[in-house]
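These are the structures in question, set out in turn.
Two complexes follow with chain A in common, the first pairing it with chain B and the second with chain C.
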Partner chain A sequence: MTRKAGFVLDLGRCVGCAACVLACRLEHGWPGSAPFRRVLPLNEVRHPAGPTYFLSLACHHCERPACAAACPTGAYERRADGIVRHREDLCVGCRYCEMACPFGAPRFDGARGVVAKCDFCEARFERGDVPACVAACPTEALRVAPDSGSAAEAIPGFRDAAGCRPSIRFTLPGGIRGARLTGLLRQMAERR
Partner chain B sequence: MAARTIRTVCPRNCYCTCGMLVTVDEGRIVRIEGDPKNPATSGHLCLKGLAYARRATSEDRILTPLVRRRKGGPLEPTSWKNALADIAERLDRIRRQSGPDAVLFYEGSGSHGALGQLAFAFWHQFGGCTLPFGDLCWPAGLEATRLTYGANLHNHPRLTRHSRFVILWGHNPAETNVHQMRLLLEARERGATLALIDPRETDTSDLVDVHLKPKPGTDAALALGIGAVIVEEGLHDRAFLEAHAAGVDEYLRRIEEYPLQRVEQVTGVPGESIRALARAYGGTRPALLIAGFGLQRHRHAGQTVRAVALLPALTGNVGTPGGGWQYANLASHCLQPVPLPARPTAVRERFAVARLGDALASLAQPPLRAAWIEKANPASQNPNTAAVRDGLSRLDLVVVVEQFQTDTTQAADYVLPAKNLFEQEDLVTAYWHPYLQRRAKVFEPPGQVKPESEIWRLLCERFGFDASWFPTDTQPLLRGLLPPGAGDAFDRLAEEPLDLSNTGDVAFARYRFPTPSGKVEFASDEAARLWRVDRVPDYAGVDGSEADARRFPLRLLSCKTRDRIHSQFGNLDWIRDVERPHRLEMHPDDALARGLADGQHVIAWNERGGIAVALRVSHGLRPGVVHLLEGRSREEDPQVNLLTGEGVTDMGHGATFYECAVEVRGA
Partner chain C sequence: MTNTARDQAMHEWPLAVFTALAIPAAGVCAARPIVYSLGVTAPRPVMTAAAGALVAGLAVSLWHLGRPARAPLAVRRAGRNALSSEVFLAAVVLALSALESAAHPAPPVRLALVSATGLAALLLLAVVGLVYFLPARRPWRSALVASPLALGLAAGVVALASAGVRAPLLVDLALALLAADAIVAAFGWTSQPARASGFDPVHPAVFERRRTLIALRFVTVDVVPAVLLLAGHAAAAGIVLGAGVFVDRLTFYGTVCARTTEAEIATIERVIAGSAPR
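Showing the complex of A and B:
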């Protein structure tokens, strides 16, 4: 059976440390290139009404990729293993994919006149390794396991409005906190 | 040439001290990964470790000696020959006119390695120098721990997974000890409860179960109050205390002075929260208490840490996997000293490093006339940096050994290009895990860069001193530093990190405490004798008059971030792209009271000066507390240390960075 590509982010483990971003940068040729991954802090002002957590995001390798639908030259293909691949040799730099992707995954590289995006570290994947960002994650919050975790739609701050069916899955902090915590301890968490 | 992978270690001043695997191809780093053979850091690095690939090739690197020919003029490239000839002549003149101790040798924590000690092979032959004593960072907590348990040792990090309850006290491992965070989260997934004590919300607080936010500087009262509840509820370990503790009766009398009502009033933490935490900590075994360095950046730091450090002993959580007191683990600090010429009498140690600005202005007989600064950036990182900068600018000669331009090189007459971690072999100890690690030489130094030991050797030759203290092949010297009986450990260090401490994974497993009483000391005559503090830890109040408190009602903290080690790494685009903006964080209530809005430019000021900074209104802070990250240079970031004062901690001669009161107004 072919391995399936797809990221899982454990929101109960991601501390937003950005090692994944730098690992991406190291892997994909540097110093010229920008990283394909970024970390978004949600509720950075720590408003007590909402949870505070980090989303480490790259390309979600969607089931119905908007980038591919928008590309006039057919530079995108979705492989059987789930990797949405961008072919630089077919890219004319029109940037339609950049506009179409609701997650900001494709990025125009002005110096080279083409778009670039996360390829799930294709070369590593093919020799059986996990992507560089996953390998680098110090808390093992970022993993490769496409069939676990909540559906993407369930996460506040992350919506699939365009119906792309992103392959990323999240593990919610609530899932590990569980009922083990007594009500008393919860009340103690001063949210002032 | 085929790519090769080299095992080495990160030498930064950081808990993790990660083992690293560096892959080099055609003279360039193509991969940096964590070394899976280090059981504590287990195959991962932080963003700073990964950024070494960028740092090593940074266009900002200083590659030649630089000279400033007149005060206020530019730094210009010069040759080693001319630089060292002029430096030697000027040092020699100062020595003849004023004595060797008119020269300050100032080392920071910029890069760890045993060979750093070779500087003294020069200074001892020079006839002496002036040295600061104490440390800017952690010495009060080290001394408090030593007085209490006899040694700074703690359990192997991997035992954290056995903990059932963990208190993180003034500690933010998600940012400053990320590998610890993995172990804590693992413990939590196995059922442990994590509690945090910190005046502000952090990346760590997002993942804990309980968070208490005391007023800064009141931790001693909180710890004594928690102790009082534990005893009141009968949760203390009578058998452990009977057998292994001294001075318990005096402690029991002391905590009677800390009823919940008083502790609530002092700390600002609701009494019921304190009671619940005390019950949960006292009632769960094994329970681990991990303290950071933040709670001891205050005047009464040592007594505070003593009060906190007693809680694991009170509950019998000592010498057990998953339990314990964690502050710093010096198990790897087992190296022999580097052989040096005899220390001359004219080595003058007369000021605490926190008071550098004052010392530069006021030391007499002789006054300071020159400074040699290595691995340090005092013009940005020391308290009251305006005084440090003034003091440096008045000296006849300032030599700074550096990789990059800093605020301190701005004050230099000479900047000598420093090696980086890949350019000289060395041995590196740690302070969280017990491993000694070997730093490998990966590259020849670029340009005209020379390792510090080579700079010292050349300077010795200039002076006609014995240069044989600096071997051209440093391997035999490093080999000789290993503890007796280490056998072939030096060669094995090329293959893996080694724990040569013989202390085992569980600290104090045999309940042998190298204190005067041989027990955990709840009361310490030694503390009273050495530091003139109460034998039993006490809360001493917050310093400063009420008038001052009205004038400067906000407490400014400058906590450490994931993005940098003090002023290091802030010059790199890879870090700048992902790092937190340097803004003054303030609670909405405090912003509202001053009519300030998020994003607005404000002035934070006190009697030492003012800094302009953008405001970030955040619910994460305790009202009355503001926060700003340390800056790298005055041109790039707001400089918090223009506001911090030159106070010295009650023990250990530390600095009191968090004893900083300010007011904030619109710019």
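Showing the complex of A and C:
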């Protein structure tokens, strides 16, 4: 059975150490200007009195990727295992995928003149490993989504806006109003 | 350590220049069959200028590409992708114009070529708008996608009038198209969501003056050219409208920009801060 690509992020466990970012950069030869993964802090700067959470985000490997629809050269392909792959040899660097993606996943690498994005560490994934970011996470906040089973504990963080169907799932920490956070996370797709 | 750095340079300048040149150029080609059907031939310099503007626009658009040498790959998905179709149709318009110019065909063939060029230019104008119909992004799925079509047709007819083409009802047609453009643009801009405040650092500060820019766009594209046409100053109307098209494109690229993920994070932060245990 083919494993399916998709991340689960537990907001209650992520401590914002950015080991995932570092692992991603090392795995992909340290692409200087186009990090595939970002850690976005919640509250750390603007509301330090509140609890701090971290969102570790990369490409969500959508079921119907907006980047692929926008690309004029067909540089994007969605594999059977769910990995949305970007072919750099076909990329002209027009950046329309950047505009089209509601999650800011494709990043233009000015030094190379092409867009780059998370490939779910496809080589590792094909040999049965987890992506480098997942392997490096010290708190197991970032995981590969299980094929089945514990899906009930995870919620889709992003609204299924315009049919993108992002694969990422979030597990919410206790102590915050989950439903409202869920709604806002959904708006991240809707309101952009 | 966090990593929220984004490429903060405004990279759409070449696109603004490209569309500011291509929209009026395609408009001239699209409007030409109308004039031709009225028995009037558009002056050759006007058509040469339109083709030159289209070529110049395409050349400038290469500045937007990270790999300009791979530009021909951009037509790979013509018919299935708006951007691919845009490049393909621009090439078709240029090829048909060049063919007509070089071959000096007999009148029936010429009529067919003029019509085919006009149809391709009309499709090009529609596709220029559809490039920015990006369903997953709310700012990019407004009625503004129809604006290049209305703007191009108006600019094309005004350009022909300003070049001295004397066809019956041409000025009336130009005024009607300017009115249509104003309606389409007004509908488009009012359906456009406001930008997130304070989290769009990618464009120069001038684009924070959204209302002023939109007002300037309507004045230079619709109001002043219409007044000048009514006053009989067609050439001046063409010049002002040319500048207006550039204002329109800069306003479009400068203000219809992405809300960043970071902006949405800030929204979530406010709620978490508000619901945190005291």
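Rule of thumb we're sticking to: the second predicted complex is superposed on the first by the 144 of 192 C-alpha atoms of A that agree within 3 Å, B and C clash if a C-alpha of one lies under 4 Å from a C-alpha of the other, contacts with A are read in each partner's own complex, and residues count from 1 in each chain.
FYI, a contact is a pair of C-beta atoms (placed from the backbone, for glycine too) under 8 Å apart; a residue touches a chain by one contact, two chains touch by 3 or more.
Worth saying up front: this structure is predicted, and the values here are computed from it rather than measured.
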(message) With both complexes overlaid on chain A, does A:V39 touch chain B (first), chain C (second), both or neither?
(response) both
(message) Going by the contact rule set out at the top, does A:P72 touch chain B (first), chain C (second), both, or neither?
(response) second
(request) Using the touch definition from the top, say if A:A23 reaches chain B (first), chain C (second), both or neither. (result) first
(request) In the overlay, work out which of chain B or chain C sits against more residues of chain A. (result) C
(request) Would you check which partner chain A:V15 touches, where first means chain B only, second means chain C only, and both and neither mean what they say? (result) first
(message) Quick one: is A:Y53 in contact with chain B, with chain C, with both, or with neither? Answer first, second, both or neither.
(response) both
(message) Quick check on the output: what are the common chain A residues between the chain B footprint and the chain C footprint?
(response) 16-18, 21, 35, 38-39, 44, 46-47, 51, 53-54, 176-177, 180-181, 184-185, 188-190, 192
(message) Quick check: in the complex, which residue numbers of chain A touch chain B?
(response) 12-13, 15-19, 21-23, 25-26, 30-31, 35, 38-39, 44-48, 51-54, 135-140, 173, 176-177, 180-181, 184-186, 188-190, 192
(message) Taking the touch rule as given, give the residues of chain B at its contact with chain A in the complex, in rising order.
(response) 31-34, 44-47, 50-51, 53-54, 57, 174-175, 178-179, 181-182, 185, 188-189, 191, 193, 201, 203-204, 206-207, 209-213, 269-270, 272-273, 276-277, 280, 562-563, 573-574, 577-578, 598, 616-620, 622-623
(message) For a test of understanding, state which residues of chain A touch chain C in their complex under the given definition.
(response) 16-18, 21, 33, 35, 37-44, 46-47, 49-51, 53-55, 57, 66, 69-74, 90-96, 99-104, 107-110, 112-115, 161-164, 175-177, 180-181, 184-185, 187-192
(message) Which residues of chain C touch chain A once you look at their complex with the stated criterion?
(response) 1-7, 11, 64-68, 70-71, 73-77, 81, 83-84, 87, 131-132, 134-141, 193, 258-262, 264-273, 275-277
